[in-house]
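Chain IDs A, B, C, D, E and F follow the sequence of writing; residue 1 opens each chain.
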Amino acid sequence: MRIGDHLLALVDRISPPTVVHAHCDLPCGVYDPAQARIEAESVKNTMEKMNASDDEAFKVRGILIKEERADLVKHHLWVLWTDYFKPEHLEKFPNLHDMFWKATKTAGEAKKTTDVAVAERLLSEIAAIDAMFWETKK
Amino acid sequence: MRIGDHLLALVDRISPPTVVHAHCDLPCGVYDPAQARIEAESVKNTMEKMNASDDEAFKVRGILIKEERADLVKHHLWVLWTDYFKPEHLEKFPNLHDMFWKATKTAGEAKKTTDVAVAERLLSEIAAIDAMFWETKK
Amino acid sequence: MRIGDHLLALVDRISPPTVVHAHCDLPCGVYDPAQARIEAESVKNTMEKMNASDDEAFKVRGILIKEERADLVKHHLWVLWTDYFKPEHLEKFPNLHDMFWKATKTAGEAKKTTDVAVAERLLSEIAAIDAMFWETKK
Amino acid sequence: MRIGDHLLALVDRISPPTVVHAHCDLPCGVYDPAQARIEAESVKNTMEKMNASDDEAFKVRGILIKEERADLVKHHLWVLWTDYFKPEHLEKFPNLHDMFWKATKTAGEAKKTTDVAVAERLLSEIAAIDAMFWETKK
Amino acid sequence: MRIGDHLLALVDRISPPTVVHAHCDLPCGVYDPAQARIEAESVKNTMEKMNASDDEAFKVRGILIKEERADLVKHHLWVLWTDYFKPEHLEKFPNLHDMFWKATKTAGEAKKTTDVAVAERLLSEIAAIDAMFWETKK
Amino acid sequence: MRIGDHLLALVDRISPPTVVHAHCDLPCGVYDPAQARIEAESVKNTMEKMNASDDEAFKVRGILIKEERADLVKHHLWVLWTDYFKPEHLEKFPNLHDMFWKATKTAGEAKKTTDVAVAERLLSEIAAIDAMFWETKK
């Protein structure tokens, strides 16, 4: 069983599929860590394709796209941190701030490297945030 | 001979038809209709909150946010249509173009109204695209 | 019954087909394929200058600018396709969807290459769209 | 000696005057005042539609779209002014700076009003820039 | 053991804790809380002008501009939090996370109101971050 | 009569000259040349780090970031030129237009080079604008 599957299985146990209720006072009120995860998957795939290629122009495009996608990861995580999470969540999850700080720093790190391990760490940090998020939805 | 055919014939003469191969050579290669769906849920929730409010400033913010979110729905759908779907998918799903045309037009319509039925139609059109998308992944 | 039809039938059951009227009720209502053409000319010129240069940093800037300009081509074409063209235009130009699909795919292809022939194909595909557009204005 | 001259003299002492050569060494090199004109037409049409409407939400969308379009007018004009026009053009058209200053100020003014005369003044200022632009192309 | 800790412990097992060194290896490396402050001053001034006006269209523009400026405040603060501040700063300023969380939440609050007190609270929270920032520069 | 004058005369006939009053009626009204300066410092630092590095990927990221930051310099300067400065300032500082034209051109030049002298010239041109700006605030 691969680590990705393992995490997903674990997450499934922790947060059973939840109906998305209308919440809080923003006009929008829809949040989903899937947005950060999808962009982080782009980062990882881009790294893998860059590592498998010898084409200089392709690698330049990879750097460019990775930069954009990692920025989107940061943006989606920052929005969750500031807009979704509330003081009562912090009481329940005292590591909340640290989890977001580390994950956004990892996203920044992913801009500087094509080391797939960094993208995988980013994905697992987002998975942890995702699990915490759905826990608050129960 | 219809005008459209005529134009195409003309273009064909200028630049001989090129086979566009199905390529997975994009640096990224990650697609997920969930991105469009999440933004469409924002559109729907924003409509509901606007309809439930008497606050003029709140309604203005709702229009503004709905405009942005509906634009993101369109963008994510356009990217799927042009970047993910290939000629062989069109053979399998001859309604492909129409499904995307209607869904993006519905997203445009959602900017002009707070009629939740429009947002619900948008969500079901995205759901159909989502089903088609995952069908191609099998 | 093909899968695409099946999906559409399903959607139809959920949300009964709505006639999308040809409307000019957008606040803006100004469209011009010149916007896509100007960006595509940038793409072509950038390719030519990249091919004529030996300067690595210049080529990197070229990739970057080409990426942005090709994205703008796609954006302007998508807006025309979804926002300007109406069902009655599709009746008159049955190739409408295909023309936009191909042209936006060519814009994507132009990101991956400095082959000027790709930019020229893009320009002729935009020229065909332009001709069709002005035909609808008569 | 005026204060402006004094400041310039000061700068000159810090960094000796550099001759800025007329260069066409930008990767792109494609400019067209049509881009500003198309957006200014949007501004004008939006004003007309707003004036003809009683729908509050429609008017809010009009303000929003007008703001965006007028910003694009400014952006396209600024790019022409800084990137396209060179010192030798200024010699030939001593009003160059003033023409751009006024036109971009008018675009800013168009954000604050639905007075179509402002949009028409903007369009004629862009037309004058367009005439000057094509004069330099001869 | 709380759920947040549990998740973090799990992530730690999968991807062993990585020491994030204080790095100045970013290409840029320039940070200044003045960027957030200037945008927050815009938010405050916009509120004051909205409160002093009876013009509906002016107020709509105010909401729009306030929304954009408050977003920029959030963006500049998030960048400082994730990109500039390092674990050794957190040791010295244990309130670091809370200061940024509150200030970005206040920026979000400023979108929903024209209560100048909110903008003033935002400015003083940015001033506290500014003081902490310059303390780390000594 | 020079061509520029001729064009202007023509425009004057079409739309009679309008006195543009010095207005502070923008919702925002906050301006600060520090915004341009901070981005220009990023440009300079990025150049220095690029020059000190042998890492190709790092240099590509440098080009990318320099391009973005130099664009922001231009944007902030253009906004000052068009939105803040008024005809009475031009009377006092007859070099106003030229100072902005040169500084924005230098920002464009900074995209094409890693010559730190260009970034330093940009910084001193911004410093002169800053001095002029604060002079008008007295």
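Here is the rule we go by: a contact is a pair of C-beta atoms (placed from the backbone, for glycine too) under 8 Å apart; a residue touches a chain by one contact, two chains touch by 3 or more.
Bear in mind the structure is a predicted one, so any value in this text is a computation, not a measurement.
S.K.: Going by the contact rule set out at the top, which chains touch both chain B and chain E?
M.R.: A, D
S.K.: D-E versus D-F: which has more C-beta pairs touching?
M.R.: So, comparing the two chain pairs, more contacts are at D-F.
S.K.: Which of these, D-F, A-F or B-E, gives back the B-C interface, meaning over half of its contact pairs coincide by residue number?
M.R.: D-F
S.K.: Same or different, please, for the chain A to chain F contact, judged on whether over half of the interface numbers appear on both copies.
M.R.: Counting which numbers both chains contribute, under half are shared, so the two copies meet through different residues.
S.K.: Using C-alpha centroids, which chain lies at the maximum separation from chain A?
M.R.: Result for max centroid distance from chain A is chain D.
S.K.: Farthest chain from chain E, going by the mean of C-alpha atoms per chain?
M.R.: C
S.K.: Roughly how many whole angstrom separate the Cα centroids of chain E and chain F?
M.R.: 27
S.K.: Chain A to chain C: how many Å between their CA centres?
M.R.: 32
S.K.: Using mean C-alpha positions as chain centres, tell me how far chain A is from chain B in Å, no decimals.
M.R.: Measuring from centre to centre gives 24 Å for this pair.
S.K.: Chain C: which residues touch two or more other chains?
M.R.: Where chain C meets two or more other chains at a single residue, that happens at 58, 60-61, 64, 112.
S.K.: Touching pairs of chains, all of them, please.
M.R.: A-B, A-C, A-E, A-F, B-C, B-D, B-E, C-D, C-F, D-E, D-F, E-F
S.K.: Considering only the defined contacts, which chain E positions touch chain A in the complex?
M.R.: Where chain E meets chain A, its residues are 2-5, 7-8, 10-11, 14-15, 18, 20, 25, 74, 78, 81-83, 97-98, 101, 104-105, 108, 112.
S.K.: How about chain E: which of its residues touch chain D in the complex?
M.R.: Residue list for chain E touching chain D: 57-58, 60-61, 64.
S.K.: Across the complex, what residues on chain A touch chain E?
M.R.: Residues in contact with chain E: 3, 7, 10, 14, 25, 74, 78, 81-83, 92-99, 101-102, 104-105, 108-109, 112, 117, 120-121, 124-125, 127-128, 131-132, 135.
S.K.: Show which residues of chain B lie in contact with chain D when the two form their complex.
M.R.: Touch list, chain B to chain D: 59-60, 63-64, 67, 111-112, 114.
S.K.: Inside the complex, what are the residues of chain C that reach chain D?
M.R.: 27-30, 32, 34-35, 38, 41-42, 45-46, 49-50, 58, 61-62, 65-66, 69
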